[in-house]
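Starting off with a structure, shown below.
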Amino acid sequence: MRELTYLRPDDAAAAVAAVSGDPEARFLAGGTNLVDHLKLGVARPGTLVDVSRLPMDAVEEVGDLPGPLGTGLRIGANVRNSDLAADRRVRERFPVVARALLSGASGQIRNQATTGGNLLQRTRCVYFQDVTTPCNKREPGTGCSARGGHARYNAVLGASEECVTVHPSDLAVALAAVDATVVVLGPDGERRVPVADLHRLPGDRPQDDTTLRHGELITAVELPDSPGARRSGYYKARDRASYAFALVSVAAALDLAEDGTVREARIAWGGVAHKPWRATRAEEELRGRVPDEEAVRAAVRVELEAAETDDQTAYKTTLVEGATVLVLDRLRQGGPR
Amino acid sequence: MDAELTLTVDGRRRTVTVDTRTTLLDALRERLDVTSPKKGCDHGQCGTCTVLLDGRRHLTCLALAVAHDGAEIVTAAGLGEDGALHPVQQAFLDHDGLQCGYCTPGQVCSAVGALDEAARGCPSHVTPDLGEDVEARTLSDEEIRERMSGNLCRCGAYAGILAAVRESAEAQA
Amino acid sequence: MSPQTPQVEVDPVRVVPSEMGRSLERADGVEKVTGRARYAIEQAPSDALHAWLVTSTVARGRVTAVDHSQALAHPGVVAVLDHTTAPRLEESDNAELVILQDAEVGYRGQIVALVLAETSEAAREGAALVGVTYAERPHEAELREDNAVHRPESVNPDLPTDTEEGDVDAALAAAEVVVEETYRTAYESNNPLEPHAVVARWEPDAEGPVLTLHDSTQGVHGVATALAPLLGLEPEQVRVTASYVGGGFGSKGEPHSHEVAAALAARAVPGRWVRLAVTRQQMFAMTGYRTATISKIRLGAHADGVLTAIEHHALEQTSRIREYAEQTATPTRMMYAAPHRRTTHRLARLDVTVPSWMRAPGEMPGMFAHEVAMDDLAIAAGVDPVELRLRNEPETDPETGLPWNDRRLVECLERGAEGFGWSERPSEAGARLDGEWWVGTGVASATYPMMRQPGNQARITALPDGCYAVSIGAVDIGTGARTVLAQIAADALGCPVTTIDLEIADTTLPSATVAGGSSGTSSWGTAIVAAAQQFRADHGPSPDPGVSTTASAAEHRAAQTHAMHSFGAVFAEARVHRLTGEVRVPRLHGVYSVGRVINPRTARSQLLGGLVMGLSAALLEESWRDPRFGHFVTQDLATYHVATHADVQDLRADWLEEDDQLATPMGSRGIGEIGIVGTSAAVLNAVRHAVGIPLRQIPVTPDQLVGALPGS
């Protein structure tokens, strides 16, 4: 860990100015991933700009969001994962978000981790986290050790020669399924980025997890109400029953017509790509159909036509298919959120 | 770069000079000789360093001390009143929810925090219905296990810990 | 010092239980639930220097240069030691411990330098700034069937490498039922929750010990005995304490290189305390692990499942720099009856860190293989798995021909089957789908040898008011020794446990062997009994305060005339999700025959802990070595999964009432390891029964299952 300059500006604009003016500066919020990386040597910033005490810690009703209803929730970037998951409005109107949060990390970490920070956590690829091995994401141009190595967590969709890792956030997958938007403050003011466009595929720049520019700060996440969001759910398949990253995960929001056919299905997958993967082809396949097991399997297989697997990752296509069946079946049956 | 900060630890106000790189855990253990929170992994993967920070269970290994100036910290050594054991600690002894003892202070703090979360109605991953009210008194075994899963015990004292936390939960008003 | 009689050797006689058998609360429980118990690193004074290890980033080669300049320029860094600047060690054939003496690198993660600094932050960064360059040589780090060809002289601890009896090939050719399969276990890392750590001080001119170590170890005297000759000292010049130890599971059973590093660091700054904490990641490289194993097993049987031939070839790996041969096939030698038998062990010698003891070395992977093979035989012969084991029960030890001390496996199996509801089990696999879950049950036998180590002494000293100091350098790594030894001492002296003041965990006390091999309580307890009985002979029922007796127990003669083992039976229920292949184990029950249980509370915890670790091995644990680099890349507790609370459901451990006087004067045998033995096999057998897939390796994870499930 390099020697650190620690700053705690009083407002978001000052924090943005502090980071954007210094290429070696980084924002610090809950710290659950950044402090980890400081110790590992994965991150070696010279300055930390602490945004954890900025007043971005409320969940508020808003009425001017895009989407069919216009209403929704605006979640401050500093709202802790545990508080967001416990929020009654989130539990009722966006159960997929609460479920995704509760499936992540541990009680302690959820008390500590923030909404913004959760989205910006970095891959848990073992080579990314081990500074003694080559990794294009950590050190561009050195190579990708995950290819041909410990690969069972690797991506099966949208990977590049340079990087085959996956994004670890559960929350991001849920947000992708409810068409959330991220509010970003930069040196030139505020902009809005759909969550689906926040993270990127690795391409030839695996070092960039997101489309944010250096110094841009997530200040809030907006969740637009929709009928599907109320009928939404999450399933995380993992080795361990708790406190483990996903092998694959599925977030889905289902809007059903009265005859049980799909008006709109929104499906996002975690653990399969460098970003939350919106299964838009599968969604299209399901429109107008009863989402029974057979239909869901068929739809998922259309989406997975683009999948590329190896010996260690071939299971992921089967697993994501099974988990998607599981989630949609539960949503179709209704019942408890 | 050094920084001076004030922490309230187990009811005592303490001033400490830290490196800006010092974690809250190292500030406690190495600079204040508060060794009740243990270091098991130093990366947020085991839970042994759990304390109650401003009333909530919190890891101290993934927190920079300098970012927590003014915080109130309660460790397992400060949970009980007037030198007595906290009821959760007594329950751990009664059910032998420990062996080597290294994860135990973190387990105890986590249990206290988890029961408080349940009392505040917070759901968990295994809560059957997010619309339902959660209360500590009626937590199922599955709920307790899930809520305590951020604290690894390599000795495998989970059965005793479960019994201890369940007894503590049932004793809640 | 109190007046002492010279040490004598005593043949102890049976102790009448009074305190033994009581479920006393842990003697150190309050210290542990409050966190006031101080573990090794917490003994460091505030001005101790912080040591941080620099480890090799190549698997094989030579260090060509070590640049200290950037590290020394970092504020707070005091010194950098490397192979050119570290104090010299005496010669030793234990290459694992001889560090910083030459430029050779034998494995990735080997200590190549260390940094001393005023704070841990400076030490960590200093270590990152040490510039080490290497001349790398080609390495081999992958265990395969075709490179496991080295025949060790013996296997751990000093057992025959190969055994053969009868004509296995002929028996197999004639057998009505044959099983011939390969079974695999993964690399596992012990991962006690307390990382290895040492606080050391070197005082060359001191009247007392030259080197003092507050260590996290399973045996204080073992550390002193191993380190002293390396450092050119007598064992008495090395004082080692281990007041509290946060688990070991074998990884703290022998000293590893970090303990030598701490001693060298202390020697470099005489008079100053040095604290050295191994990081979790470094533990995977330098504190031992269980080798992966490949067991090639052939079983021949009559149509009714009665075995005629058993063959077990164990293929595993060791480190090229120091040999360790896991005794994987040894339980196969004594477990079941069969006239024709053969076992072998072969090793791949790799450029990797040194494997070592992990809870039930040999028995854990070996019984996994053998007990899953028995499931294969049960299926092939169409015999119920419990019944199959009953049919193959040997009357005497098949390996030695000796009578058993007290083999009660049949009772364990029968009692376990009844409690578990085994009779309701459908004989067909893949027969029960409950909602989204395939459900199955499995069984496995467990065994572990009973061992009483020579080399233990205890001292009894009369205190005022009818109390006694009982002193022995034993260590409580979480087993409950602190509680149980006091119970033994009380009964041996014929007084209440409240009168016993037990002193342990310090080399200044009478010498004790390691807390390992399930031998601690047997070995230390027998020495305490010997000392107590001699004390009474010397000083009578009302001794004057201050009188003292030190004694050791005579040789364990019954171990020459009887095959001494403990046994158990493990029953598991497994559920496999039909869509995701995720596995849950709702029930895991063990019934054990382990001699007298001295403290049911602490004993149950140890047995349950073994079950948890066996479950964890079955479903989760794998140190995944990347052969390209030579090290384990799953090197933390997020990527090396051990069982969480949520993975563990209904656990039970019961035992038979026993008093095994052939084993110890307490009637006890030892319980630390048997809980993990057979457990992984029971779990895998249950998974196999749930889904009807012939699985033969652990851990079994969703990726192996999801595409192979019925209906997928």
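Chains: A, B and C, in written order; residue numbering restarts at 1 for each.
What we mean here is this: a residue touches a chain if its C-beta (ideal position, glycine included) is under 8 Å from a C-beta of that chain, and two chains touch if they have at least 3 such contacts.
Source: prediction; values computed, not measured.
Between B-C and A-C, more contacting C-beta pairs join the chains of B-C. Distances from each chain's CA mean to the overall CA mean are smallest for chain C.
Centre-to-centre spacing of subunit B and subunit C amounts to 29 Å, using the average Cα coordinate of each chain. With centres defined as mean CA coordinates, subunit C is found 41 Å away from subunit A. In subunit A, the residues that reach two or more other chains under the touch definition are 1, 3, 39, 241-243. Shared contact sites, meaning residues of subunit B that touch two or more other chains, fall at 19, 21, 42-43, 145-146, 148-152.
With touch defined as above, residues shared between interfaces to two or more other chains in subunit C number as follows: 121, 125, 636, 638, 643-646. Against subunit C, the residues of subunit B that register as touching in their complex are 19, 21-22, 26, 29-31, 33, 35-43, 45-46, 48, 75-77, 79-80, 85, 89, 92-94, 96, 98-105, 108, 126, 141-142, 144-146, 148-162.
Residues of subunit C touching subunit B in their complex: 25-26, 28-39, 41-42, 46, 119-122, 125, 191-195, 244-247, 249, 277, 279-280, 477-480, 601-602, 604-606, 608-613, 616, 636-638, 642-646, 648-649, 651. Chain contact summary for the complex, subunit A toward subunit B: residues 1, 3-6, 8, 28, 31-32, 35-36, 38-40, 48, 50, 52, 82, 85-86, 91-92, 95, 98-99, 102-103, 105-109, 111-112, 241-243, 336-337. On subunit A, the positions that touch subunit C within their shared complex are 1-3, 39, 41, 124, 126-127, 129-130, 132-133, 145, 148-150, 152, 235, 237-245, 247, 312, 314-316, 318-319, 322-323, 325-326.
Across the interface of their complex, subunit A is touched by residues 1, 3, 19-21, 23, 42-44, 47, 50, 56-59, 61-64, 66-67, 110, 113-114, 117, 120-125, 127-132, 145-152 of subunit B.
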